[in-house]
Amino acid sequence: MTDPLLRVRDLKTYFVTEHGTGTARAVDGVSFELQPGETLGLVGESGCGKTVTSLSILRLIPEPPGHILPGSFIEFEGRNLLALAPRDLRAIRGNRIAMIFQEPMTSLNPVFTIGDQVAEAAIVHQGLSRKDARARAVEMLALVGIPEPDQRADDYPHQLSGGMRQRVMIAMALICHPQVLIADEPTTALDVTIQAQILELLDRLQRELGMAILLITHDLGIVAGAADRVVVMYAGQVVESAPVKELFARPAHPYTEGLMESVPRLDAQRSRLHAIPGSVPAATAWPAGCRFHPRCPHAWDKCRTEEPPLPAAGPGRTARCWLVAEPARRKGGA
Amino acid sequence: MSAPLLEVRDLVKHFPAQRGFFGMGRPKGVVRAVDGVSLNVLPGETLGLVGESGSGKSTLGRTILRLLEPTAGAVRFENQDVFALGADALRALRRRMQIVFQDPYGSLNPRMTVRQTLAEPLQIHRIASGAAAAARVLSLLEEVGLTADFADRYPHEMSGGQRQRVGIARALSVEPVFMLCDEPVSALDVSVQAQVLNLLADLQKKRRLAYLFIAHDLAVVKHIADRVAVMYLGKIVEEAPAAKLYERPRHPYTTSLLSAVPIPDPAAQKRRIVLAGDIPSPSNPPPGCPFHPRCPHPKKDARCGTEVPALREVAPGQRAACHFAEAPM
Amino acid sequence: MNPRAWLAVTLAIAAGLAAVALLRRRAAGRPAWRRFFRHPPAAIGIALLVSVTALALLAPLAAPYAPAAQLDIIGLQNQAPSLLHPMGTDLYSRDVWSRLVYGARISLAIGALAMAVAVTVGAVVGALAGYFRRSVDAVLMRLVDVGLAVPRMFILLMIVALWEGLSLPMLVLVIGLTGWFATSRLVRAEVLSLRERGFVESARALGASPARVIFRHVLPNAAAPIVISAALGIGNVILLESGLSFLGLGVAPPIPSWGNMIADGASELATAPWSTLFPGLAIGLVVMALNAVADALRDALDPSQETA
């Protein structure tokens, strides 16, 4: 078992709200590991803290109102990212750990050509000359499947379609051959046929470049197809983690079960969808005890008062639920 | 076989692109958002309308409701010519055809409480006032699953799912028989999506509503539609009863679209058909079949680039616009 | 100054402070008010404006002398400020303080009313242009272009000079009707973006008439530019009126306005500067207060600062 490439331990990122109505505990003790070359899916709905987690890894959280609590630990290549000096951190961003975002339109600078933007990381991190960097950029654009890359390098972002822009973002992220790619909802804003193209591209690039991917999404379908292991988040915590096949075959946490049952599926018959009752609580007021208990069909007294830890629920699996210790309490049978 | 509630015949909606000369010159080029669409919706049924960006599905919906004036074509609703109606008749029509929007954040006036939002249609159409209106507001809230205390809230005090329910309640307040649902769940989280879809299904049964359900998510449409029409670049490329469409699609675009939808089951991963190239712009559609540049059909030939395939019946109740619809991929 | 006058001044100041305290209490509830009070000058501005308005309303109480009363044309001309005349007397031996207080009524009223006219016309024109677009927009905006191109002061001078016996209400109307152009542009821009919002489309889909859509849905949400340009505009109008009165073309004597008080005292600037100084200070302070409030309002009403 090799050493993990990226190890996040007990990450806590809190935000102070404007009116002082309390602290939003957006990420409240999250731990996971990313092995070299694997794709880890980080799944959850809005408000669960997955985006804040990814931004925290690269310390992209605006310092007021947010702050990463001491006691959080993010290890990469043997160093604690949270303790690095700004200059050392900058040497890692875009170079060893890269990130792509959801909205390619707003993530690209409209006044620079895409060639310039892709080349920038190479100039900054690898000290290439402008000519060499541009040549590398054109190579990358070809690698991500942009036709006529030499001409396209002189285009501006507004001249490209959404799918093309996302490819440019990927080229920008990968030009320095990072070890880790953090992809935050990379296809959510794209049409489904374009999404298929991008997912295929990421898959191919991962095999060719051998990097690890932290894939953040709310779409269980994407995770099923792209991830090796999955971490499910709810209310700022990890509630379940498992290898992907195990997760879908036998979800251990009621939230994961509920999610899977409420997703409309192409391969299922038309029927009334199962809906998880209630809604996601606000980050300033997580429920006491197990945070999912107000919406859980199996909840009993213990769930309302005691917060479950994250015990092992099988080989390579964890689930934050009292049912792991007391499976007989599951209502209506397994 | 009852008469259709809604009949759309050869509807065309073009937008002029780029006016030169300080906005007063002649437009150079045209965006062919809807390029000749015909369809029917029967009372009480749900027609799903699926497509990606540039397909024209939202424009089609709005033109049918006459929120946009058409370029050509006809729409008949309850046997009235929608485009020939005067202002008063049009207002009366608005009671019968309503719309639920995609964006729960933008579709409610941020300065009006829920009560005011729901009471307004009652005022516009003089359906009820005073105490009767107040009672109607409360009963509408109950019908969409919201408690009475929501009546005095402002939109920013509610979640996306709750706002969407208010939007549905508002549409229901005038007692329509037809609802255009324009991507009503796309902006919602998965767990809330299921709640709202169930609500729409329940309301349909209870009130005998017909839906034209526009979405880009094929899996969502499968759970709510009786028949499905697939749009590409302003034209319908396939139309069929839902079960048949998902089982045996007749148009290569439908096949590719279905193949691209990720399935939440690692064991069921299939070989995806990945289309090459981008979706063309509706201001510059390809000649012949609009899909031909990206079409993966093995039998694709020169005819596809010159002759526009007509939307024809290839099996009972199934229509497709492809030269090779009899031998699908 | 007699005790009644001191009472009036105290009441006015108390009113100003009470207004600020009241608003601060409301600020605890609403984030928009909190943003407003993040600007220290805003609180001072509000206090000042409310005090001056209160003082103007209490003029009969606050002014020991009638504003037009020439107390003693021989003996009391151009007296320096004293206990009896806290702001001195002018060249016609009228008590400057009393004139200032009555002048406040005129200047503030003209400011507020003319601005009300300008904002109303501007908002309606802007809303119509933005909502109906095409030819309506083209025609109206060309009108606005002309209006903005012609210097306002010039037009006002022309109208006032040529119009025999211009009454005060007509003056207000004329000032208002020459000042709506900038507001209409702002409102039009706001309406253009608002009309694409879902709730506007929804109102149309429900069968609302264009009038209802514009007045119930669009304009209330376009309040920000309207309110801010109103606040800034009042200051502008006060200055304009002062200018006109200074030139002898605005408010006719003996009715006091801050502008014509400056005009009267201009000739005595060397010997009796207080008759010009105090109205000038008053104008300056009120305009600054209005600008401070407008500035804070711009921040407070900015919807992009609205958290979910």
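The chains carry the letters A, B and C, assigned in the order they are written, with residues numbered from 1 in each.
Keep this in mind: a residue touches a chain if its C-beta (ideal position, glycine included) is under 8 Å from a C-beta of that chain, and two chains touch if they have at least 3 such contacts.
Not measured: the values here are computed from a predicted model.
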item: Contact pairs, highest-scoring chain pair; value: A-B
item: Longest centre-to-centre distance from subunit A, chain (CA-based); value: C
item: Inter-chain centre distance, subunit A versus subunit B - centres from mean C-alpha coordinates, in Å; value: 32
item: Between subunit B and subunit C, centroid-to-centroid distance (C-alpha), Å; value: 51
item: Chain centre separation in whole Å, for subunit C relative to subunit A (CA means); value: 54
item: Residue numbers on subunit A that touch subunit B, as the complex places them; value: 45-46, 161-164, 191-197, 199-200, 218-225, 244-245, 248-249, 258-260, 262-268, 270-277, 279-280
item: Contact footprint of subunit B on subunit C as seen in their complex; value: 138, 197-199, 201-208, 212, 216-217, 220-221, 306, 308
item: Partner subunit C, residues of subunit B touching it in the complex; value: 23-24, 65, 67, 90-91, 94-95, 98-99, 101-103, 106-111, 120-121, 124-125, 156, 167, 170, 174
item: Subunit B to subunit A touching residues, read off their complex; value: 52-53, 159, 161-162, 189-195, 197-198, 201, 216-220, 222-224, 242-243, 246, 256-269, 272-275, 278-279
